[in-house]
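Okay, so chain A shows up in both of these, paired with chain B first and chain C after.
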Partner chain A sequence: MIYEGKQKVWSDYQKDIPDDHYFYVRSCIRQSFFPASEVTFLDITRNRLGKDIFETEHHTTCGGIAYHSDTIPQETVMTIIARQFALMAKNGYENYVCSCITSFGLYCETMETWREFPEEEARIKDILWKTCKLDFAKPKYLIHASDLVYKYRNLIAAQAKHKLINVKTGKPLKVVEHIGCHYSKMFPSKGVGGAEYPYVLVGMIEAWGGEIVDYPERRHCCGFGFRQYFIKGNRGYSLSNTYKKFESMEPFHPDLIITNCPGCPYFMDRWQYVIAESTGRTYGEEGHGIPVLTYEEVAGLVMGYDPWDLGLQTHQIDSEPLLDKMGIEYDPAQKYAGKNGKDIGSPICPTCLK
Partner chain B sequence: MGKYYDLLMKDYRLKEGLNACINCGTCTAVCPAAEFYRYDPRRIVDIVQSKDDAEIEKLLRSDTIWYCGECMSCVTRCPRKNAPGLIVMALRSLSIDLGFFIDSEKGRQQYLLSKDLCSNILDYGYCVYPRRFDYAGHPESGRIWEWEEKHLDDVFDRLGGNLDGDGPGVMRKIPQEDLDELKRIFDETGATERMENVRKAGERKAEEMGLSIEEFSSKVYNETNPKHLNQ
Partner chain C sequence: MKNNVLIIGGGPAGIEASAQLQRLGYNVILIEKGSSLGGHLSKWDRLFPDGVHADGVLSSMLKNMSGVKSFTDTQVKSINRLDKSYNVILSNGISVLADAVLLASGFTLFRAEKKEEYGYGIYDHVITNADLEAYFSIGSDSRIDKPKKIGFVHCVGSRDEKAGCRACSKVCCATAVKQACEMKEEFPDAEVYCFYMDLRMFGRHYEDLYLKAQKEYGVRFIRGRVAEVSENADGSLQVKAEDTFSSKPLKVTLDLLVLMAGMRPSDAGRRVGDLLGMSVEEDGFFAVRDSVTSNQRSPLPGVFLAGTATGPKTLPETIADARGASMEIDRYLTDVFPQASDYKKLIREKW
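== the complex of A and B ==
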């Protein structure tokens, strides 16, 4: 068969994703801001789909955010990564799945550096032994957690309680997919669908009934920029990038944004709040924002999890308009309740953003 | 001629990231930083490949190399498979190693970045740790984070987290023996030395500017000169 155009590009960027048996490493940002997403990922994969996803408390940050803020040398992150790989091997795994996109890009970069400069891999091996008395084996398969949800998208669809369909109109929801830059911009062959037509989130949206929104700034960065966010004086950079994306997507009236990077949903959620509060401009319907969800949250909604178990109350943009469209029932009184209904108050409402 | 270029070429990121640049400017066209700042990654790559020591030193002492957000959008688009983002990372490393970073307003920000991010790693095993992410310093984190910050243990408990708890789970306490290993890795690979050098350079600069370290930190964190902006 002769492939042409998008089909040709797609055929170049197929990715082998093993069905089972993974060593799981967490994300600093996802744990901090979307803790329920990692809980949901493990619940879906382990308990709903019966997969073997192993985690050890001994793994740490990969150091990626510090590295991309230029605070630690490349040797440091390569050795931390080698240590993570050693923990994987020590626990009898050869498939490695990570929650963080910055980590995923860094693992790809490290493996590529070692492939191109084997003497560097040997040097890191020595450093790891000297510092930790550990030996490592490289993963046979290096996977981002969104790759795995993509792999399981039809299994998830088979258990769906809800679809990405507006229950009132019967029409598919319009969904923007936003791919974290470090997923495939550096190494297109490592991502499902490459950098030009990444399919990892598109595949989920299609399988769960939604319609993809194509818009001019679809591949533009959310604006994290590492040092451009962590230093307050630089944050205009971050805000400007999100603003550019929202101005570009707004004419297409998206119902939902789905992301695979832990940082992007934080920035695209919070900068909508800042834009609304400082200018009055909102991008959703009737003064609301556009909900920006992680792929774990969307998978959870599709599978019938309670929205508050998924942590949707920890987004600044209200998810209720989306829940209503999907026909998902929720208890408003329990939105900000703690465990077992404990009263822990509620946040102050924004001034402009509904 | 070529002293700084030779130093840069010891960095794997430059070996991987610099082929013959044809100056097409594609990297600048797609660069989010070039739209926001007075920034032109094409020019940076061209200066580096020129091997001109005087020009490279100007770069190493300038604000210019600190404008990039390391999104790596340039890497996808370069028709000659250059990686301007990686070249910038190599320049930043050299600027820090040579102490030149402290000469520029944007470079001086490394003082706080190093202090905050490295201490998060060494103290907790995470780059970002929620108890150190405060609403006061991050008002854009919204009213929702203001509320979460006040009820962090309850929120994590509600959402199935294991904040500072034993065993695996979300935001667990990473065992001390693992933090000790991270510290040994930092010591062996030059991270500790880099942290110390950046700290000392910051303290010297604060003194030179007639500021206490608190005043210097506040200035570095909050202030930005409008001259950086592409407007």
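== the complex of A and C ==
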């Protein structure tokens, strides 16, 4: 592997990311899958780094899941998005940052559609006015939340309590990065580092002390793929995608997988359990799985947040081996203690997966 | 006084045209931006379809250049149209009053790293056709280490709208088949695959070469494009492609992947073209006056074109094109400068 070659590609795909003042929109499914990630993002950016990140309870879904499941037409999606943009403008912001990769892809697609077909933009403007009495302005900058954490990666590193380094060996942790397909595969120029060798997560890993693992099926879909999972009969296909990725990365012995998409961490986390239970195959050390974390969770660990406050207990794969490697202290007794110490129950242990 | 002809570009087209025009009696000045003459030919080892050595071909071409004033490491600094001629100032400080200008600026190989998914410049064992020719010439390349499985990817930067190169580069198919055979000669136990869209073996004996590659060398031809390349833990390459005959995706592990980089317009040629205000066609190569009957004449008076300045060509086509351009220049100079007939007659009498 020629690192300088990758650097050349990365230098070709940089994007302008304003330093401050963002209108933030959450993801529908991330709040269920990884409930602390978005809260952590807001806490880090607002309270640790002092940035102005505004959100409103009036924003809605982007409609992406329905759109990609062919249950709503593009006009509906564009009108929903226009409404989000109207809320941004109404609150005095020009920079739009979204938590979800599906949303990011859909915003990019909508903006490109309007650029190519201005009459469509005019039509949606009209529909939005008729339905909501709102007018919208397109964002000056459209950013994914991982772009922003990438932008702040060195600020986060400067406040680091822990690094992506094995405290026992002193060696960098081996980290697999996985971007959501809709981050830059549709519009390579919209993602940091492009589509083939994306840099957005690599930049974080490098800044926080880890070592990137480039494995053959790095580009492959995580297995979510909307119809692969939503349609029950296709779920074997979803699982086989994930299986293919883990078989490919296993020879590199990664310590951690970091992702920037709602579906990817979920499926790469949960399907490890299914693979283990159905085949007995595990991919981590000594029968464990490989922890799959969101970039906010990793940033939180680096900055010294309590792992259970980050919601790592909601993952299928135990994060304790990773925490031990990073030298992070944690209270096992608090793992399944909810807010105010409430017992949220603990999962039944799998048969094969530790 | 003899008429001056300035030839810009010291590759095969420029060399051949300079030799022809010198023999016709003109005062020929050839400039080359590089430090030696020969262009891409000087970097090639053997030529299809017969495997003749490129250095032998180049040597024999250079021998015919007697009397031509050639300047290497030299470029056009400025060029201005006068009444019938062009006033050209060269980067070496020399001024030339050229009665005719021949642009034989050649081509640039497509930058294979632009096809990011193939990993040239990123994966250790991905090389280009030019790299492989250099290996054949020099005999060593750290990226080529007794490969047991070798792949050739046709049409890298040609017939590819996504890469901005719609045109066929013409020579890549035959080059790939030639190089595949050569690799089998070098590594007889290696399995060699060619990933192609369709094979354009249009020239004389090219089809024979293709059949020989299959029957004698056992090269396997797979009709389908390579989708992406990755690197395994041991440094070998994982190549994903489609076999369109069986309508199935395939994944193969290779030790070496050779990208057949296509021909793109020369950057240096474009620079001179801009100085002259010459137009280019959609493919980026120079426009000609008439694509059927005046392929070597530019729309500008007294400015001619030869070789791959007007699009991809094989070496025999380039040489033939240079000879055609020489005839066009001769006709032009004889028409525009009637005194040219006088000194040309004297030269003929000497023969």
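As a convention for this text, the second predicted complex is superposed on the first by the 346 of 354 C-alpha atoms of A that agree within 3 Å, B and C clash if a C-alpha of one lies under 4 Å from a C-alpha of the other, contacts with A are read in each partner's own complex, and residues count from 1 in each chain.
Definition applied: a contact is a pair of C-beta atoms (placed from the backbone, for glycine too) under 8 Å apart; a residue touches a chain by one contact, two chains touch by 3 or more.
These numbers come from a predicted model, not from an experiment.
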Mind working out whether A:206 is in touch with chain B, chain C, both or neither, as first, second, both or neither? neither
For A:226, decide between first (touching chain B), second (touching chain C), both and neither. first
Mind working out whether A:94 is in touch with chain B, chain C, both or neither, as first, second, both or neither? neither
Touching A:216 in the superposition: chain B (first), chain C (second), both, neither? second
Tell me which of chain B and chain C touches more residues of chain A. B
Name the residues of chain A shared by its contacts with chain B and its contacts with chain C. 195-196, 219
Residue numbers of chain A touching chain B in their complex, please. 26, 28-29, 31-33, 35-36, 38-39, 55-61, 63-66, 68-76, 79-80, 83, 105, 112-113, 116-117, 120, 127-128, 130-132, 181-182, 185-186, 188, 195-196, 219-221, 223-228, 230-237, 239-241, 244, 269-271, 273-274, 309, 311, 313-316, 336-339, 342, 344-350
So in the complex, which bits of chain A are touching chain C? 1-2, 5-6, 8-9, 194-197, 214-219, 251-252
Show me the residue ranges of chain C that touch chain A in the complex, using the header's touch definition. 113, 116-117, 119-124, 228, 230-233, 238
Using the touch rule from the top, collect the residues of chain B that touch chain A in their complex. 11-13, 15-16, 32-33, 35-37, 66, 69-73, 75-76, 83, 89, 92-93, 96, 106, 109-110, 112-114, 116-118, 120-121, 125-130, 133, 137-138, 140-148, 150-151, 154-161, 166-172, 174-175, 178-179, 181-182, 184-191, 194-195, 198, 220-224, 229
